[in-house]
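What follows is chain A paired twice: with chain B in the first complex and chain C in the second.
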Partner chain A sequence: MLETVKLTKSFKDKKVVDEINLYLQTGESVGLLGPNGAGKSTTISMIASLIKPTSGDVKLNGKSTIQNPSDLRKMLGVVPQEIALYEELSAYENLKFFGKAYRVEKETLEVRIQEVLDMVGLKDRQKELIKTFSGGMKRRINIAAALLHNPKILILDEPTVGIDPQSRNHILETVRELNQTQGTTVLYTSHYMEEVEQLCNRVYIMDHGKIIATGSKEELLSILSSEDTIGVQLSKRSEAFTDKIKTLPDVLQVEQTSEGLRIMAKKNHHLLSSLVHAAEKEGIQIMNYKVEIPSLEDVFLHLTGKTLRD
Partner chain B sequence: MGAFIKKDLLVFWRDRKEILMALLLPILIIVILNFAFSGLFKDEKAMQIDISVVQEDDVKKGMEQFAAAVEAKGLSSEEKSAVLAEADKLDPVQLIHDFLNSSDLKEWVTVKDFSEKEAAEQVKNGELDAIIKIPEGFTFESLSHVLLGETSQGSVTILAEEESAGVSTLQEVVHSFINTVNTQFALGSKGVQATAEPILPKGGKEVVEGNDGADAYTISQYFTIAIGTLFALFMAQTVSLKTMTEKREQVFNRILLTNSHPLSFLIGKTVSAFILSILQFAITLTVVQLLLNVFPDKSFTFWAGLMVVLIAFALTVGGLSALFTALTLHLSDTNAASGISTLVIMGFGVLGGSFFPLEGLPEPIQKIGEWTPNGLTQTALIEWVQYSHFNDLLFPISFLMGVFIICFAISVSIFPKRGRS
Partner chain C sequence: MYPVFYAQFLKDKRKPLLILTFIGLSILATLIFGNSAWQTNTTVAVFATGPNAEEIEQKWVKLLNKDNENTEYVISEEGEAREQVREGKRDIAILLMEQDYRLITASDMPNIQLIEQEVHKVFTEEAQLQAIAGSADTAELREEIDRYLEKPPLTVKIKSVNGGELTSHNMGTQLLFGFTLFIAMFTIGFKVNGINADKVSGVWNRLNLSPVSKTNMYTGHLLYSFFIGFFQMAAVFLIFEYVMNYEIGPLSLILTIAAVFTLSSVSLAMLVAGFTKTPEKFNMVYPSVIPIIPIISGVYVPPGVMDNPVFTFIADLFPMGYAVEAMMDAALFGADWSEIMLPVSLMLLIAVIYMGIGINLGERSRR
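Our next item is the complex of A and B:
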């Protein structure tokens, strides 16, 4: 429904966003991941019609939105990275103002304000001024303000930066709820892998203005080499056993942990039986055996050679 | 649109500091200036003077002498009787006495009755400040001068032991009175009805002299008008500065995304600046009037006219505010925008004579000053205080509205369609 075609933005001579192609299908929840300065916010601002691209296009249902973005704006809810609210006004007054600016019908607006306040869990604090709110509460109202006009597409730019776990969970829940029960299409920007893993069906990974990988979570994970990390819980500790494991075929590395061992090995279906066999010989019981699931964080590390947050 | 106006007013209302700044500061400044300057000019004691009039002239003899002189002129009998009738109505000595006892002078001049010798004594020991001496032949000479066009020698002299501000003011006042009487009669004899009155310091306050017999305006009135205008002008910037915060905090982006018409945003600012500057000026005027009675005994018409000019000026302030707002949104560097608006406001303030009177400056600068909205408003209001001619207000009002329209048109044309470019 919404797609970018070779979307590019340069500030002076610096290419901040470089020929980005991405798309959103109706009802999807898509993540845009990238470290600081990758160009996520710039990309989002172009999609949201706030910045004019240097070149490329943003298309809504196949139609360019660059010249006349008003149709796009109507269906779009944008949660900016910064708190875009009037500090001197109360939560209610802010929502009322933006609701009116969106030309929500008067009768509908009152109901809608209470709905979105309910969604972000701040109904009982609506009379208080924004400047008296905590960072997390501000972020929640920041989201509420983007929902007043029932947008079909919701774009969130790092909505959980620097806030308490309670607010964070609330925000993630709200977004999931919108996507799953109301069918809102979501584009979610973050540099928190676990959020994107939880929320999104599909992920774009961005670095230095370029998309360096894309796909479902599983597809991205398969990028990782064919290695497994296995955690083994043992009934007792034994140096002899550890040494023995190290000599097994395909085992690359063995580490002792408080509970037992962490083994890094090439994918090998016979590893478990070899382990059990060796343990029996040493009189050790294997209490637990678990192949650790690699995370997108690992994928990112693999692709860029750096962690998402440094 | 209503939402935008309400939002802007509400934001301002919540900002107590700015409210206080905008409303109290001008009042405070006017009160302080008023006290500072009244200390210089309003020294009641120094301006209280006691005098005595010593009359050496014999009025009856003077009249007879004048009649003889007319006789000797060889005029036609009609002319003769006209001149003599005129002279009968005119008693120069009595005029001086009436003048010195008039209500205008009573406030600071007390006339005491003494004989010549006693009076001289009293001046010496400081009981009297001055003696006004009406010399012998005063009646005759005055009449000959006024009615027959003869040159006169005898004039009223003021004798004082020491020169004081009070005495020299009295000197000026008496001379200007005599001059006025002279012109009045000179005009009167040509059949022109003239009602000029001498310009007198009111209540001993410093008076900025008005021309053409206009009502004088006091320095307090000047302060009130100048400072009130200046602070109302500041309101244009105060309101538009809010835009900087809106832009920085991306609130403006959010507003853009609502597809609201640019006019809504601009009108929000314009109306806020309009209402706030009127409110600001009205409160300042009311409080200053109640505290200091700056405009005593003014009619309802006076206040209504004042209000009309203020409304026109506030409209201009609204237009400027829209212009600064659009500029802030148009330029990528918000500091540059605020720099420009500060420059404009301060430039207007200085050129328009809001900081200090322009009277001492070269003519061209004064002329430019009259074309600034605040300078024009100030001039219009001061003229209104002096003359109360409604016609004089028409030009300033149309000019101010014109400035508003131009500012607003420019604002709409530079209003950005997107956030950053």
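Our next item is the complex of A and C:
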């Protein structure tokens, strides 16, 4: 349905997005994961035809949208990262304004406004000014404004940044409902791994402007099939012990946690005995040892050497 | 275009205080400055020093105050006069001498030049009379001249270009136009800044994705800024004309000039918005630049006082000088449509150029 071909954007000789190829199939929910500054928002802006790529193409059903984006725009609903609303107007007035801008017919606009307000759970607050809303409520109206014209493709750019858990759950539920019951194709960017795990069938992982991995959740997790992630609870912290663990054979990464260490290592039945041996030498007791079920966060750590929130 | 225009209107409808405050400010500033600074008499302290100080003071004060309606020269103590100038309580004091004078002032203000002209004229006239009389006593010669002028051999009657009575310049009217236009520029600027605010908040991008064209997005904002700026000016003029009984001239002509001025002010604000790109920077730059425009355009002083070539060149780049000139011509000298065509055309030229550059700059950052 929608694909990018070697999509590139440079700002003053710096490549922010570097030859990205991604595609969305009708009815799919696709996640675009990456830390801050990975190039997610720039990619989205290019896909949405808001900025022109330095090179590459965005195709809708095989047709380039770079020169003539009107067909794409009709099908597209974009939820920007910022609150793109008039704070001085009420939720209803904002939705009416954007509905008129999207040329939703007068007869259906009123009905549609009530539908989207219902969808985001703010029907009873529609007469209140946006500036009186909490961050989470603003984000929900931000989503509602993108849904007025019944878009077939919905692009959400980090829609849950800085909001309360209740609003986050509501937003995730709304997106899931749109995708599963209305068949809306979703491109969801976030640096919250758990949201993408919950919502998306397929995930693209981005770092430094490049796609570094892609696939379904299971496919991505299979990257770690030959590895274990082990949580170790220690009686005390020791830099010397951590350094020693890093030098053990098959240990790939060691991360300090509040309780002890998180070790990523190749599957190795002797690792536990090596750990115990090293701990004894340093006078440290291993209080707990747990092989964790790998998550996309672990995949990201494995691929980039850093966590998503770094 | 209509949804954008209407959204701006809704915002102001909810918070009309800014517009109402600016209308009130226009009226207040005109009443305060228009009635006091230029229409009341100025008092100038004079003093002499030396053994015959009193005699010198009496002689010159009598001559300085003769046939003078605008300025009153009063004898004062030297120390007190100097102190008042030093403390800024008076702009000027004059040290009188036998045949000469010295101006004592802290800064070169426009009204000092006017007083200097008056004093210079009196001293020059006295020097000429003394040269004719051949002595310092010119009283007799003065009386003789006065008697002679009661039945002059020829009289000069000054008429206006149209043959009517010559109209004297009315500073109150000039200030009314000046303040109204100046304060309207603020309203217009803050409205045009809505474009920058929309661009930063993301509303602009959202509209960009909608069927509303970019031209319509700009038109909606700029037309609303024009509408609200013009409404403010028209409201002030109508209040002065019909409520306060000011003579502001033919309304249709004045409002036409105001409309063209509004258009060029919208363009000027768009130019600043294009340069600044964010509402915060605009709010920093625009209010710093705008107050300079009426000053260098000579709006607060009588015509001819602002003659610095650099300032007048800079003033020519802004619409205010042209607008006030055209309005004064229409209000005081009965200028018709053809006579205001030049300033109106120049304002339109400014509008076209600034709008083009402003929009181009605003769009350049977004490519």
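We adopt the following convention: the second predicted complex is superposed on the first by the 243 of 310 C-alpha atoms of A that agree within 3 Å, B and C clash if a C-alpha of one lies under 4 Å from a C-alpha of the other, contacts with A are read in each partner's own complex, and residues count from 1 in each chain.
Following the convention adopted for this analysis, a contact is a pair of C-beta atoms (placed from the backbone, for glycine too) under 8 Å apart; a residue touches a chain by one contact, two chains touch by 3 or more.
Quick caveat, the model's predicted, so the values are computed rather than measured.
Asker: When the two structures are laid over each other on chain A, do chain B and chain C clash or fit?
Answerer: clash
Asker: Does the superposition put A:49 against chain B (first), chain C (second), both, or neither?
Answerer: So A:49 meets both chain B and chain C here.
Asker: Where on chain A do the contacts from chain B and from chain C line up?
Answerer: Of chain A, residues 48-52, 73-74, 76, 78, 80, 82-86, 88-89, 93, 97-98, 100-103, 145-146 contact chain B in one complex and chain C in the other.
Asker: Per the contact definition, I'd like the list of chain A residues that touch chain C in the complex.
Answerer: 48-52, 73-74, 76, 78, 80-86, 88-89, 93, 97-98, 100-103, 145-146
Asker: Would you pull the chain B residues touching chain A in the complex into a rising list?
Answerer: So the residues of chain B in touch with chain A come to 2-4, 6-7, 10-11, 14-15, 249-251, 253-260, 264, 418-421.
Asker: Considering only the defined contacts, which chain C positions touch chain A in the complex?
Answerer: Against chain A, the touching part of chain C is residues 2-4, 6-7, 10-11, 14-15, 201-203, 205-212, 366-367.
Asker: Name, in rising order, each residue of chain A that touches chain B in their complex.
Answerer: 45, 48-52, 70, 73-74, 76, 78, 80, 82-89, 93, 96-98, 100-103, 129, 145-146, 149
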